[in-house]
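Two complexes, one shared chain (chain A), two partners (chain B, chain C).
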Partner chain A sequence: MNNISIGRTKGFLLSILILILTHPVSAFAADQAMLGGGDKPWWFWPLILFVFCFILGILAVMAGVGGGVLYVPLVSGFFPFHIDFVRGVGLMVALAGALAAGPGLLRRNLANLRLALPVALIASTFSILGAMLGLYLSALNPDIIQTCLGATIIGIAALLIFSKNSEKPVVTKQDAIGMALGLGGVYWDEGARENVEWKTHRTLLGLFMFILIGLIAGMFGLGAGWANVPVLNLLMGAPLKVSVATSKFLLSITDTSAAWIYMNRGCVIPLIGVPSIVGLMLGSLVGVKVLAIAKPKMIRYFVIVVLLFAGLKAMDKGLGLGLLG
Partner chain B sequence: MSEATRNAASRPSKEQVIYANILVMGVWSGIAILFITYFIYLSGIMPTYVEITEIPKLWGLGVNEYLEHTHSPHGWGWVALLGNGDFLNYIGFALLALMTVVCYLVLLKGYFAKKDWIYAAIAVLEIVVLSVAASGLLGSGGH
Partner chain C sequence: MTKNKQTLLLVDDNKTFLESLARRAELKGFNVLTAESGEEALKLAAAQHIDIAAVDQQMPGMEGLVVITKLKGINSEIKTLLLTGHGDDKLKEATRALDSAYFDKEDISGFWDFLANLSLGKVNILLVDDNPKFLETLADRIRLRGNEPLTALNATEAMAIMESNRIQLAIVDQRMPDMEGLELITRLKKIDPSVKTMLLTGHGDEKLKEATQALNTSYFEKDDMGSFWGFFRQILNSLETSMAAAGMAEGGDHKDAIKLEDPNKE
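And then the complex of A and B:
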């Protein structure tokens, strides 16, 4: 029975992967991107990008990942834009999504300001350095960034596969830094109909990890929800709901600093930026509705497979192998 | 902790609610502005600094080459070019990217009032970091 179920899952994932890669939008985009897309009217790519981002917005919500992490590898792989512009717009996309989600999470007291503020300070400072380093490296040779992006995306896919979050981690003793910063709180768990008290531990190590997260987010223009949640939840011991909400809120701060660096450098072109932001936000709104009737777990596996493919394609492009077209 | 205390603790703080209210107004205004300015840009109501038909020929270049070819400014140079439809879009982008600094100012006031010096210091530092990033002093050169 299990074998049948695994076989069906594999078949489903394979068919979905084939579907998206042979879908008229992505297949045509990839073909045209390879040809440089120069023979198309100016509105062609923004229109394709809008449709692409709309679909991406739906998938991102259903898979529980941020738009930025999907946007950068896929758009840099399938569209004719230079990676400098993809990263700049990717940060604006992640920022807009995080800002839109912020108010609801704050009002429900799920995003915790006391937890967010210290880690945001570290992540946003280092995301500036990451952005500057990323721009420096891509000016030297964009293939360096493309290859490193590919490796990072494959790592993120692996993290999504193997990381097992903990709903309510047990924290027996809070450390001194966590206590001094007052990293703890109470939130109302709607499912369990109870107030849940929580506190953190291993705060110093957690804060150190946000140096790395900030650097990666800034360097590749990725939102960093994929890294924030495991660090807040598994390492520091914050409950999953608080970690997810605080992570989303955190992106609005981390991505702001890196987005300014890219924007001031001229990496945000309106013709690419606006259809991406509006498409992804509209897609996210539809995704929330679809989430009620779909099976998010299946979509999550599908997105992981797409991420793996996008990571391999970015590495292939960066290394100039040409194995994946 | 008593039930009443726990219920009070599970409610968002006053600053948190103000932060959320400012954010919701700012972000949707930003998106609306982006939508309107993009329409103005595409409709050709206003002149454009870089010909829209030229952009697809240049977006495959690195940012330094793109700026060189289009003679576009970096940093806050776009403010002087707001009479052009393409640079008009930057009002929406800038509003989105400025929201966090505005919200932090609200938080700062609350932390000072509560004499929560650690968090007041963190908020001040964050405002400094975001302001330096926004100023264009870092990483806006190089071409």
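And then the complex of A and C:
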């Protein structure tokens, strides 16, 4: 009871903080040019970005939503940066988180290499195509990407609300492809004190889904955890623990391929990238410490609502309706 | 059982060691006999009933293993313990073959290595020793590794704890007033066959102490709280864990994220 109320207060404070932070920023964003921020000194936006990303990192961990997926819509919506730069850095942000988590997840045998590699091959191929397609579309007209991003973000928010992950999905019969690729394993469940054996089914459909996931991840610079986990967990039937860890490891491969395209085109600006990555990493470190003390459920809903709003705003911006300011 | 008046025969060519061991054994309530050579030991054993013999391996004249074999020839009921300075695997195997009850004994260095490599966070450890000071020292070391061990001062207490707890590892002293360590291990294994056990032998055995001290140093070198690099390594390790936990949390698996970050928290 006490924990919940502490969590509520914390969540409330954080939401106030985010509103205060985003409000003037969005006002500036509307008024000012694409980059630079007019009369502001050069360190103004990096500093704001750092603080913003720090809070975003805390929220991402506590809400169970990837930092990369929050970063692109929120920063492209509320900061005066061109969408290409935001997408490029968005990939780097997701990549940094994945690379930092990867060694620990592999060392603890949480991430499954057998599951990750075939999937990574498909997803990273298509993330390269997605990145190229995204930059091509954005060269035609940035509004196309903005609108598609908005629609995707709204879809992601809906997915986050409606999909309920299953800790140990029941797989009665492994399919031929899953068996051929050896997708399966055993882990020790400390809580239940038993060995949990798992295998996959609907593997072909799952692999096809990663074509789509790769394309979207590359095109919008979103991390793909929001899609990886449901596909691995709900569709293919891998346990939640394995799905989440494998998904995180997967990102470090998928996003590397796409990030290369963005880097090559000069879309990764250190002045945006460094404060974002450092802010998000520090934020997620703090988030984990807070999580061990309290895990308020409402933060997840709060973040989903913010995401939904950002999606609507991106669509609004892309379509030039001007309904949301 | 006439446990307090058991006759213990100590055989070692090193007089100082023999005396110090004898003093400790007398304090424990044993009836102690000492011999400085194998021949002397055999003479004593032929003259009177011996319950336990602790024999040094390296002696001029007769080797410890030979002495043990001959002692067993005189009295097949005798319990024997071979004191070896530094772990010689062949010797250990030979000892095991000589007395099957000795099978459970783990080499002390293996024990510390095992402890150092164990992720103690999730394991319930039971420590059994009648010496409260040693028990506390051992418990403290294990606490340093982030585990809260259960302790028992005698075998009866240990079995009571075993029956009401799920224990993964039991570390048992060989010589205790109410029951021998090996017997206790057999009984603990009856309660839970999956329990891992370690037998600690030799009360205040100086050789054992030396070995332990040598191992302590390397053990502390491993964690090295004092030095900068140790500290640095620890920070890196805890960063790696936290980032892995953050990764799990962002993927929506809060349960495992918290378990990673704080293994002691339920």
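What to note about this one:
In the analysis below, the second predicted complex is superposed on the first by the 288 of 325 C-alpha atoms of A that agree within 3 Å, B and C clash if a C-alpha of one lies under 4 Å from a C-alpha of the other, contacts with A are read in each partner's own complex, and residues count from 1 in each chain.
To be clear about the criterion, a contact is a pair of C-beta atoms (placed from the backbone, for glycine too) under 8 Å apart; a residue touches a chain by one contact, two chains touch by 3 or more.
Here the structure is a predicted model, which is why all the values come from computation and not from measurement.
In the three-chain model built by superposing on chain A, chain B fits alongside chain C with no clash. When the two structures are aligned on the shared chain, A:A245 is found in touch with chain C, with no touch to chain B. Shared-chain residue A:N195: touches chain B; no touch with chain C. In the superposed pair of complexes, A:M92 makes contact with chain B only, with no contact to chain C.
By the touch criterion defined above, A:I269 reaches chain B but does not reach chain C.
Chain A is touched at more residues by one of its partners, and among chain B and chain C that partner is B.
In the overlay built on the shared chain, the residue A:R108 is in contact with chain B and with chain C.
By the touch criterion defined above, A:A60 reaches chain C but does not reach chain B. Touch criterion not met for A:G320: it reaches neither chain B nor chain C. When both complexes are overlaid on chain A, the residue A:A100 reaches chain B and chain C alike.
By the touch criterion defined above, A:L285 lies against chain C but remains apart from chain B after alignment on the C-alpha atoms of chain A. Annotation: superposed on chain A, chain B and chain C show a minimal Cα-Cα gap of 7 Å. Comparing which residues of chain A touch chain B with which touch chain C, the overlap comprises 100, 102-104, 107-108, 281.
Residues of chain B that touch chain A in their complex: 1, 6-7, 9-13, 15-17, 19-21, 23-24, 26-28, 30-31, 34-35, 37-38, 41-42, 52-53, 55-57, 59-64, 66-67, 72-76, 86, 89-90, 92-94, 96-97, 99-101, 107, 118-119, 122-123, 125-126, 129-130, 132-134, 136, 138-140, 142. Looking at the complex, you find that chain C touches chain A at residues 122, 239-254, 256-262, 265.
Those residues of chain A whose C-beta lies close enough to touch chain C in the complex are 60-62, 64-67, 97-98, 100-105, 107-108, 110, 165, 190, 225, 228-229, 240-241, 243-245, 247-248, 281, 284-285, 287-289, 291-292, 295. Those residues of chain A whose C-beta lies close enough to touch chain B in the complex are 36-38, 40, 42-45, 80-82, 84-85, 88, 92, 95-96, 99-100, 102-104, 106-109, 113-114, 117-118, 120-121, 124-125, 128, 131-132, 135-136, 138-139, 142, 180-181, 185-188, 195, 197, 252-253, 256-261, 263-275, 277-278, 281.
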